[in-house]
Amino acid sequence: MKKVIAREKLPELWKSLAAKGPLFLPIQEGPVVLFQPWSEGAEANLDAVNTAVSAKDVFLPREETYLQYRCSGNQLELIPVENAEPVIAFGVHPCDLKAVEMLDKVYLDQEPSDELYRQRREKTTVVGLSCREPDPFCFCNEFGINPADAPGADVMAHLKNGLVLLEARTDKGKALLDQAGDLLQDGSDEKFEAAEVKTADFGLNLEGLPENLKERFEDPVWDELYKSCLGCGVCTYVCPTCYCFDVEDFGHEGEGQRFRCWDSCMYGHFTDMAGGHNPRAGRKERVRQRFMHKLQYYPETFNEIACVGCGRCLRSCPVNLDIVQAIKALGGETVEQR
Amino acid sequence: MSSANVLMPQQATILDITEETPDIKTLRVVGKEGMPFDFMPGQCAMLSVPPVGEAIFSITSSPTCRECLEFSIKDVGNVSGALHGLQPGQQIGIRGPYGNGFPIEKMKGKDILFIGGGIGLAPLRSLIGYCFAHREEFGHIDIVYGARSPADLIRKSEVRESWAAEPDTSVYLTVDAEFPDWNGHVGFVPNYVSELAFKPEGRIALTCGPPIMIKFVLQALDKLQFSPEQVITTLEMRMKCGVGKCGRCNLGSVYVCKDGPVFSLDELNALPSEY
Amino acid sequence: MAERNVESVNKVREAVSQDLLGGRIDLLLGWEKGHYWWQSRPLFARSEADLEKLAWDSFCAVNLSRYLLEELKDHDKVGVLVKGCDARAFNRLLQDNMVRREQVILYGLPCPGMLDYNRLVEKAGGAPLEITEENGRVIIKVGSGEQEAQRDDLLLDKCKDCRYPDPAVYDQLLFSPQGEKEVTERFKTVEELEEMSAEERFGYWEKELSRCLRCYACRQACPFCSCRECFVEQENPRWQGRAYQPSENFMFHLVRAYHGTGRCIDCGECERSCPVDIPLQELNRKLIKDINELYGDYEAGLDPEQEPPLLTYRPDDPAAFSEK
């Protein structure tokens, strides 16, 4: 099913789609673009290449309450909280959608599957959006990702000459286009091929990198690489493939909620044990954990490197200690380019 | 495909609380309808006290005990502190079981050597109880258990009286230094193991205790010619999920909560030493 | 830019290499180029080969003084390249007894202000390919041609209202001073915020802080955040919860800002580091303004002998809270 809509009509489309549940869009929030639920008056920005924080927020929210507790006397009541609203995620770029597939492997494929994630994943209709012009931080080509197409999207959207072309690829996608009804026009005559997009070429050679790293846990490269790391969590929080979380209670002794929220392996606190021992006590151990997880541990289990080249860590790390620097330091660079 | 949220605890009630040492209490816990879940020795459970939170503890009772779960808990942090402050009859949250448990198949037909220190007896006790309940499946059982002082030994009467009275079982107790009320062995656990000179043939050694004790016990067993496959230990890490997703307890691509916490020494030697 | 740049880098390299290779310092904290020409990242130089990578250009924004906290654990004597703000940061650490003066050699770099890549993009109307700088003007090359702009219009926010571009402390000053700059708009936004009603202001901050990811980049990049254990991580009592709730956002940001009262050197690293562009400098500047109004002009980090107003007591100190 192929449809089109003029870009100036989009606010009407947002309104119609948001009527049935949260509609996540790249939204201009002051100086930044964030993937957030749309509300009347919010300014969607489909031209932004990448949101400051990835679209994983839709599937693995930064904060997710899953139970309520009530204590009275000796009694403790634990009541599950359901979060299962149908959601539309409109404007997910191919890199971010590929990253969601990487999260699927951890949260769905690996036993036991995660029901909170599964419900969100199943109830979300994803509208992929092809990239027209990459920003200089984009390097998804290095991971074989085609910025012009997001396989796995329920609807694939392209921006073209003041139009948005929409192609439904799944039943969920068709239902979404049906929901929009008359706002959309027939697009069967429109050409749906997005132009080829070339992203930054850092000359990375990822072939065999995970295998090589298996023996490099104690490598001296780690003694240098971590040095500039400030120990903040920017890289992990903006990253679409980082998925670590914490569980915490919010409330008082009488009642409250339990939620899970994003956490970061870059924090010392992350692995600090109650007795005081910390297996990853220093920045070196933590930087190693982050990069080894992306480049060796995850690939060992799931057969692919846990990076999609979205470039957010290149853009956002305050000291420019990013995954490209790590890959190069670890020998994942084409020799001729050195 | 399961449809339950793995992070969702169930309600449990504290039956009673035993003060083992000045900072260790044993809690007996029962679910709404008896046992909260089935488990195997060496597995763990998440206990929660809102609004303080959740933490993981090894189950110290044997699965052959069908009345309740027991947890011997040292007061070292927020959740353990909150658990120490509870009274019998109060309710907590519980979920589990987590982890692989001890390799019982591999132990069958072998002589078994348990080496515990302080609170480290907790996970071993579950397995010791299991071995006694399936006595014919195992050979001779030796239990070496020590603590800093007599006051720091947990389950004292059980260890001294019940365990020592089991058939084909030897119990060796030790404390780190001389104490007026102590007429047993004095010395560190690893040294006692060396003194007792256990033979490796046909034997499996299982150890748990403070990291420094484990380190020297491993050295002692190595000197006694135990091969890494014969030595089994159980690790402790900070954990939040228990199912290998929250990202804290990994050694390389192995998650201690899910793939451990029990490892043989040869398995452990093949992993990054980040514990 | 290229020529002037090569010249000035050489001058810096010359100054430090004698000390590093001669063993007067064990480590030099400087900058090197990142993947892009608009990124200069920290360099930890120990050898001649390391010094080859040294950069000193319009993108050396990272405040290097903070790294002293870690590096002085492993090194007896460390050399640091310091801009105006880095030098004030050093004084700040000195005042908190986090470093000793004799452990550090400071190479002073009078700073023309650092450029903001996003501004270059805005100005050029697309991804800039390279820039040339000349007499306060910047020529930005883009695919379709060139754009010219005033350098001052391309500065990072943190550099725009910088009063003291010259290092307040150094062992060696490598270039001629820029001189104290007159700044007129430093407290402009603060004044606008002060004009708001309490409700409006609360709403403003609630919205701005709602973007906070709690990544703590602002804290980690900050030279006054040098506590060995931050209140955020303290377990007992637990001051800071992780919930993304307004109460927790305010808890973190207000306590952070208050901890900096009279100690914030206004380097703006917090705001520059924020991945979601929360205007943190406005919070800090409100407190700087209050301190100035209550206790007289005070510029943190300028003079290590001058105690921060909140760390001293004078009988005639105003008691603004009790008076109201």
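For clarity, chains are labelled A, B and C in written order, and residue numbers in each chain start from 1.
The definition used in the following text is that a contact is a pair of C-beta atoms (placed from the backbone, for glycine too) under 8 Å apart; a residue touches a chain by one contact, two chains touch by 3 or more.
Computed from a prediction, not measured in an experiment: that's the story for all the values here.
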item: Chain whose Cα centroid lies nearest the overall Cα centroid; value: A
item: Selected pair, greater C-beta contact count between A-B and A-C; value: A-B
item: Inter-centroid spacing, subunit C versus subunit B (mean Cα positions, whole Å); value: 50
item: Rounded Å distance between subunit A and subunit C, as computed from the means of their C-alpha atoms; value: 30
item: Distance from subunit B to subunit A - Cα centre to Cα centre, in angstrom; value: 39
item: Residues of subunit B whose C-beta touches two or more other chains; value: 77-78
item: Touching two or more other chains - residues of subunit C; value: none
item: Sequence positions of subunit A contacting 2 or more other chains; value: 246, 248, 250, 263
item: Touch list for subunit C against partner subunit B, complex; value: 235-236, 238
item: Residues on subunit B engaged by subunit C in the complex (per definition of touch); value: 77-78, 81
item: Complex interface listing, subunit A residues touching subunit C; value: 29-32, 34, 52-53, 62-63, 135-136, 202, 224, 227-228, 230-234, 236-238, 246, 248, 250, 259, 261-264, 267-269, 283, 314, 316, 318-322, 324-325
item: Partner subunit A, residues of subunit B touching it in the complex; value: 1-11, 13, 48, 50-55, 74, 76-80, 87, 89-93, 211, 236-238, 240-241, 243-250, 252-253, 272, 274-275
item: Footprint of subunit B on subunit A - complex, ascending; value: 66-67, 69, 71, 74-78, 80, 106-107, 110, 112-116, 217, 243-253, 256, 258, 260, 263, 265, 270-277, 279-280, 285, 289, 292-293, 296-298, 300-301
